[in-house]
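Next come two complexes, and both contain chain A; in the first it sits with chain B, in the second with chain C.
Here is the complex of A and B:
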């Protein structure tokens, strides 16, 4: 199934992307900014601006309609999140569910630092002095005289 | 003792990667679960004069299947729906997504029609409101019009038995009491 869906991305690459025209430069900027920050759900590693999937075209049209109707950026984002979830945002909001996403790397770094310290300390620590019996055996093996 | 820490790291890594392998990266949890289904008023695929609304479908739990004649995976899934419609008293409503009347009609003639009614949504308007991103998709909507379950990708008899049927039984019981 995944295969056919990916193929869908490739096949629709030829779909005409009608360039959008804006009467208001502010709207044009808002549209561009939104497309860069919104993720296409079909070709998941592409933004709406990059993706040629059919769904991306539909969502671009929807964003265009809302932007030219004078809607705020936040409202448009909310509209899409209500339907597709936080997943459509390339910059997900900080909340308990996305905590690991935001702080995971830091956590990993802390863990590595901890292990690093443990290992370094282990290497630097002097080894325990030999027991008398062990010392005698060692000397016997090495054949050296006791001092 | 010396190898405890590397071994622990290794085991954790193996577990994390094994879980990662099992996850489907295409699965995106829907924010619509346990939320009211969107309002709509669209014409039926056949006859076109009939208007279907959220209200006209209400009153009992339904299975809403999003499909299109251009969708390859829908063809794999379709026999399952036909079988379910024949064998069980399931209310399956079709949502024909971004299609043409001719293509959709011919497709149903060729492959069988398991749908009690099919909503015709050529522009994908209702599809957008339902957060559809990869047909086929299947929703379970309860008698009050609340979305209870969403399946992305083709339905199989196994998925039906494990996920959807128990959900429907629960909803039916809830409607009766």
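Here is the complex of A and C:
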């Protein structure tokens, strides 16, 4: 049911939860989007938007400052990654280390499609007549039916 | 004295669980029916002993026995009695005890029905449950004993985590555990089938009601957890792709694959080996979830490395049970995936494709959950995998699943023509498209496409369910036909419709919700969508074990009163933590959600207000799914002797 660290983030009477105001609606949207995709670094699993931790508020202020200064989303992300590492991003960056993470599901889908094709083809083929051994086994199975 | 009795009962339960495992195994090896027959009584005794242990721990909480370390850490004299009871499962040791009691409870339930099974099969299932019980009882006694004492006892306890002081917590964990621990029963049947080498349609018929029951509990448990997060955490989120949530979601996804595969195995005798594999892996994921949550590995991989006792123990259990059963499968499992006869276009192949896709979905969640842990453990860097990853990837896995779901619903068993299927699909697919387009046009342009796609998926499923019902209506009395349809048919129709309803909820909540995070001065009126919200007053009040600040907000629409809500900010003194209690106005098409933030000086507060569009649909859909599962369990034909084996395999495919 969550570690103490995480609870700290949910529950601590945070110093501030200051609503931000924006002159530019585009900036507001960018700010919201970034907050959803950035991680509170001291929480077990919360985005900046959801966290009440002090550090999260500091980071929100930082993001607010950069957004209202007109910086692009990518630039803000880069800045934060340079400071805190990939850990701060909830959407992991695409790189060799995360290749399996991003393409794994695709590989699985391909694999499943192959398995399905195999089975479907087997299904389409006329089933071979039962061999004697199988027939005997089938009899045994039916004989041992409980009902 | 009483806690020692509880402790003793647990130790005795361990002894009984060992007997429950060993005696039937010996009976099987030496062909002694008398030993096989002992499995049932052993299961009943084990359950009785564990219930006794559970009650003694509960009594310790009720009478504030702070000499019990577990009680002292998780209760307090100011804690109301119902939270003292739910505190039994409020932390690690007690959750584990609950887990084991529920496991024994499933064992008890099986022992009540064991006479309906061949003696050896029933005994093996109970022995498997007994063995799982042995491992977890050892785990509890050696690493996590809730009956451990400390002397001198503290004057007062450390209080229950305030986040858990809620009605949601009273019922959420038991239901959840009922669900994923319940998958031990189909797992037991799988092991029995492999050991006996008898993989008949009867096998699927026995395992099916148990699987459906466990799945139904898990569905309700997950939905309840989501609902609890929604109203308790204070920002209106309902799913976070948190590893703890994923731990319960993975067995659910795979369990869903399992119930569909079981249906095909029972009705048509196909994919039985695939079904067995699913039964094993579903329970394996339940155990993996237990490992993730109970080992501390989620809090920090490094904390796990420095104090590995618990984690290594659960990992050992996981390895033994999963490794053992998969080894058994490799050794005894049948070689071909197919079996039975059906054509490429048939309900069978659609069911197979969908259970494969559900596996992919499960693996995707598993990948995203474990990836950061593995990278960190290997020292390859720290990354975060969060909602932006899961939402994106999951949609692409679910899309083909939903397309095939609609087609599969209308396909006949055994053989169908592609032509007929496409015509039918075009009918309800076209209807769904028109309807979704009509809805999308009325929505805001920026979210129109995403919302439209989600609604199309939901209407497509609803259409196929409706078509499935219409298909069964002959020209004579409609009423008679509807009454004649089996419960199981209504169960699956309801569950699929529920899935569509949940999809509508997810789509509209995530695209049409209005959020406002703002400064509210006392007496100020703010506009929130079509509503006007006035911040009337604020006052302090005293709860049983907390102090609260309560705001009053009047919500009006076009000058007419909608509701007055009282969101609170609570401060729990013992643990020194604050909690938000949101003010919620529930509604069918939207919830109004207001939560109090922080004082900003001059009587002004930061306030979060949301209009959560169609958010209730999400949980309502889940309840429909669960009710569908319940109806299917109640279907008299499910789990009852009927046409079995060859006759059934050859019977012409009638859907129901």
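Keep this in mind: the second predicted complex is superposed on the first by the 88 of 147 C-alpha atoms of A that agree within 3 Å, B and C clash if a C-alpha of one lies under 4 Å from a C-alpha of the other, contacts with A are read in each partner's own complex, and residues count from 1 in each chain.
By our rule, a contact is a pair of C-beta atoms (placed from the backbone, for glycine too) under 8 Å apart; a residue touches a chain by one contact, two chains touch by 3 or more.
In this text the structure is predicted, and so the values were computed from the model without any measurement.
Contacts of A:55 after superposition: chain B is touched, whereas chain C is not reached. Of the two partner chains, neither chain B nor chain C is touched by A:23.
In the superposed model, A:87 lies in contact with both chain B and chain C. Contacts of A:42 after superposition on the shared chain: chain B is touched, whereas chain C is not. Of the two partner chains, chain C is the only one touched by A:105; chain B is not.
In the superposition on chain A, A:115 makes contact with both chain B and chain C.
Comparing chain C and chain B on the residues of chain A they touch gives the larger count to C. Note: residues 1-2, 4-5, 44, 85-87, 115, 118-119 of chain A belong to the chain B contact set and to the chain C contact set alike, using the contact criterion stated above.
Across the complex, chain C is touched by residues 1-7, 10-20, 32, 36-37, 39, 44-47, 49-50, 85-92, 97-98, 100-102, 104-105, 108-109, 112, 115-116, 118-124, 127, 138, 141-142, 144-147 of chain A. In the complex of the two chains, the chain A residues touching chain B come out as 1-2, 4-5, 41-42, 44, 54-55, 58-59, 62, 81-87, 115, 118-119.
Taken in their complex, chain B has these residues touching chain A: 5, 9, 25-26, 28-32, 72-73, 98, 124, 128-131, 133-134, 153-154. On the chain C side of its complex with chain A, the touching residues are 90-91, 95, 117-118, 161-164, 198, 200, 202, 233, 235, 237, 240, 242-244, 293, 296, 298-300, 336-338, 341-344, 346, 348-349, 352-353, 356-357, 359-360, 363-364, 367-368, 371, 375, 380-389, 392-393, 396-397, 400, 515, 517-519, 571, 575, 577-579, 597-598, 600, 606-607, 641, 644-646.
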